[in-house]
Amino acid sequence: MFESFSSLMYGFSIALDPINLFYVFIGVFAGTIIGMLPGLGPISALALMIPITFSMDPSSGLILMAGVYYGAIFGGSTSSILLNAPGVAGTVATSFDGYPMARQGKAGKALAIAAYASFVGGTISVIGLMLIAPLLSKVAVSFGPPEYFALMILGLTAVVSLSDKSLVKGLIAAVFGMMVSIVGIDLQTGTERYTFNSLNMLDGIDFLVVALGVFALAEVFVMLLRGDDNKGEKRKAIGSLKLSGAEVKEIAGPVGRSSVLGFFIGVLPGAGATIGSFLGYSMEKRIAKDGDTFGKGNIKGVAAPEAANNAACGGSFVPLLTLGVPGSGTTAVLLGALLVMGVTPGPMMMETRPDVFWGVIASMYIGNVFLLALNLPFIPLIAKILDAPRPLLLAMILIFCMVGVYGMNFNIFDLVMLLVFGLIGLVMRLYGFPAAPMILGLILGALMEESMRRALQISGGDWSIFIDKPISLWLLVIALLSLTAPSLKKLYQKARTARA
Amino acid sequence: MLPRKTWSLRSAATALTLSIAAVGLSSAALADWTPSKPVEYIAPANPGGGWDTLVRTTANTIRAEDLAPVNFAAINIPGGGGSVAWAQIARDEKNDHKLFATSPPIILVPLSGRSRFDHNDFTPIARLITDYSIVLVRADSPYQTINDLFDAMKENPSLSIGGGSAAGSMDHIAVAGAAGAAGLNAASVNYIAFSGGGEVMTNLRGGHIAAGVTGAGESSAQLEDGMLRALAVSSPERIHGPLADVPTYVEQGIDYTFDIWRGVMGPKGMSAEAVTYYQDLFARMQETDNWKESRDRLGWYDAYQNSEEFGKFLDEQYELFSSVLSDLGLLAN
Amino acid sequence: MTRINHNQVLAVILGLFSIVYLWMAFQIPTFPIPRPVDSDAFPKALGSAILLLSIFLFFEKAGEKTIEVEDKGHVGFSFTSPRMQVVVTSVGVLAYAFLIEPLGFVLASSLLMFLLAIYYGYRAWLTNLATTLGIVLSLYFVMTRAVGVHLPPGILPF
């Protein structure tokens, strides 16, 4: 404990160096902007920074790039909430309740909650990083294919709680999402599946293309169909940023729980902010007494995924800094950048380059404070976008989506896919198919299939591998319980009323 | 000036080698061509991978050492293990201001039927570096030598060997080829495909797989904490640096080497003058201290070949990979 | 009620879709090296699941439509009816996809945004033009200059 405290002090001595303070600031500022622009994620931004950081001191370079990364996750909630257009993949779940809040004239509050929750999630993850990073690397390696499979199954049980009216429609949406997720080259065999012999489909369909189509573009279509503004829904006060004491109390629990959950999910290579935020969201929806108001502008539905995705972002530094292994595309770029700067990340990095390790951790504390201070004053300003006349706003959302999608790969095929998924999203909205289970199927489907097949290949086709491993067994038991708990609860209540 | 007509003659590899020979002969006379606008320097993958690192490192070195009058602009075109970028570059015949990073997938991917374009559709510029394949196990594993592992695989074919690329691609070929050379049935290797070398390392550390195969360069830091042990490296002789203790396959009685080479190619029909210019540029680059420093840090080994030698080398690699893939039954017809 | 409801229509469409999907799953080649679970297993499971679920859907009671389409005041065909607006917007997205490279980012984006805003009923064309140019140009310069993302310049000189 004392040891990590003195190490952290050492880290602060690096992070508080004026030049590094400047890099933290630039990093989180650029990150926030990049996060707000739909589609343009941290990966491409970081790749473009490699030449800039080339000649920097490695700790400064990583401080700057890490700032861009968590700044983007922090800022990504803005367009999710205001426009239903997720800025980065990790903030899709934020739009479930953030966008309804904005439509109800509570955009300011939604953005403020997102900022506070992000701050807390980010800070908790830094504390976790500081205290137990080496321990966590053991957690990361203890997850092999069977454990991932079980985790994915647990994640998929959330479909039940995410499909509000009709379970059948929720399941259809989830299966459809999985169908989309497996398009492309199958890693295990190199076989193409559902690519229609198109080069553009070899790597599958980009997650953000689907998310922007099903959420933002479909929302534009729905707004067009609804005709001019609306019935009872008074536009468009931004509302107050202030949270009442009761509201703070209400979100404290979800923020705390989701931060811890998100952090652990982030630690696992291959999982990350998107899965973390979904699991945080669905966990809170299940726990909450007013779970049925999730998706209709519940403040907990904004707080939970925002805390989780920022915590997951911090967690993803664990495998990078303690094992030298990237857990995601973004951390892979960070690893590449470190190599270029002359640091070889590996299991000994904490010993060989304490300046990098502790410097970046300390800078994250500072960065999170900067982010909060940067974002809060701008909320009223940014939220003004909703005051734009409706025709202009619609046209603007369209342009934002298309720039984001095009900017990812510079491929016009992606724009066509955006339209396809926009229309699919519209049909789903018209006939009451929930979009959240589909997105869940999309992010978990391919990972579930891959880990299942890897596990079975390791075991030589023996299915008992999933229950022989304790972690995997426990995750499956929890999954089973979470599916049966509601009906057990009902049975129990029935029995009690019968006795009474 | 060299008549460009040599390029239009080409039909498959023979003509390509001819034309390259012509380039090689006249290289001294043609040193006067220089690029007139920024060179598009393409990594056919996402940021963070091997191609990307090569492109960015060489572009940085060229800029830092002021070797070229124009900028080499790194561009990522990800997709299909390279095939998306190849299809785009193939459309851009005769462009003297376009280069891309290349490595064994330019041969493997077309052989497995996933790209219409192969190495014959592009102009080899230079081979730059090589890395080697390495087999790792956990330190507490019973296998002390590569032969221990292969013997155990003979007994128990379900022993899992993890690699960081899809079945039928680099890591799979590397380990299956070695197993074949050691007298095993190459197709019997229980190869588990992970989506990157990092995942292989965590799964190996966690004891989820029996052994892992990855690039030697990226493995050296992983060996530092003593959790993992290297059984064999695919170089012809022991490599120097941190991996000097790792025995080669050849030392252990298995006649097998495998290069993870990386180089640069351009579009088909690039002018002979430009080819000469670029091959000489890269040769000069590899002499700079800046390059040597980056190269050592990244765990690469210089393996320069000029355009002509690289072209011949590619044809040999084509033969080699076709035979391994056909042993595996993965050769597309 | 003898008329079929929209759930039943959707169920039939989904059923047909799942049959095509399953047919394609059966075309996936077997991997030459035997695998406990091959590439085709998961798609077959997914296709069957949709087929099964579509049967359930067929017998599920249809809820109300979730979105009221606003088409009062639009008798017969109208270019500005809500349905037509969805069609025109879709065509706009497609046109944008094919024009962004030849025309360039700035021109294509400005045209689309400006024209769509007018089409959606925005009359203040000067404000429209100013906002459009402001947003598109700032996006363009942030992307190309600050972030360094290359967007097609097209026929404009910058």
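Each chain carries a letter (A, B and C) given by its place in the written order, and its residues are counted from 1.
Quick note on the criterion: a residue touches a chain if its C-beta (ideal position, glycine included) is under 8 Å from a C-beta of that chain, and two chains touch if they have at least 3 such contacts.
Predicted model only: the values in this text are computed from it and were never measured.
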Check your understanding: Between B-C and A-B, which chain pair is linked by more C-beta pairs in contact?
Key -> A-B
Revision key, fill the gap. In terms of CA centroids, furthest away from chain A sits chain B
**Study point:** Distance-to-centre winner among chains (Cα means, whole assembly as reference)
**Key:** A
Practice item. Between chain A and chain C, tell me the centre distance in angstrom, where each centre is the average of that chain's C-alpha atoms. Key: 23
Exercise for review: Let me have the rounded angstrom distance from the C-alpha centre of chain B over to the C-alpha centre of chain C, please.
Suggested key: 40
**Study point:** Cα-centroid distance, chain A relative to chain B, in whole angstrom
**Key:** 34
**Study point:** Numbers and ranges of chain A residues touching at least 2 other chains
**Key:** 44, 186, 188-189, 457, 459-460
Study note, to complete from the structure: Multi-chain touching residues of chain C, meaning two or more other chains, are 31, 150
Review point. Which parts of chain B, given as residue numbers and ranges, touch two or more other chains?
Key: 167, 330
Exercise for review: Spell out the part of chain A that touches chain B in their complex, as residue ranges.
Suggested key: 43-44, 46-47, 50-51, 54, 140-145, 185-190, 192, 199-200, 202-203, 269-270, 319, 323-327, 329, 332-333, 335-336, 339-340, 342, 344-349, 409, 450, 454, 457-460
Revision key, fill the gap. In the complex, chain C touches chain B at residues 31-33, 150
Point to revise | Partner chain C, residues of chain A touching it in the complex | key: 30, 33-34, 37, 40, 44-45, 48, 165-166, 168-169, 171-172, 175-176, 178-179, 182, 186, 188-189, 191, 193-194, 217, 220-222, 224-228, 388-392, 394-396, 398-399, 402-403, 406-407, 410, 412, 415-416, 418-419, 422-423, 426, 429-432, 449, 452-453, 456-457, 459-461
Check your understanding: In the complex of these two chains, what residues of chain C are touching chain A?
Key -> 6-7, 10, 14, 21, 24, 28-29, 31, 35-39, 42-43, 46, 49-50, 53-54, 56-57, 60, 63, 65-72, 82-83, 85-86, 89-90, 92-94, 96-98, 100-101, 105, 109, 112-114, 116-122, 124, 127-128, 131-132, 135-136, 139, 142-143, 146-151
Review point. Which of the residues in chain B come into contact with chain C in the complex?
Key: 75, 167, 187, 328-330
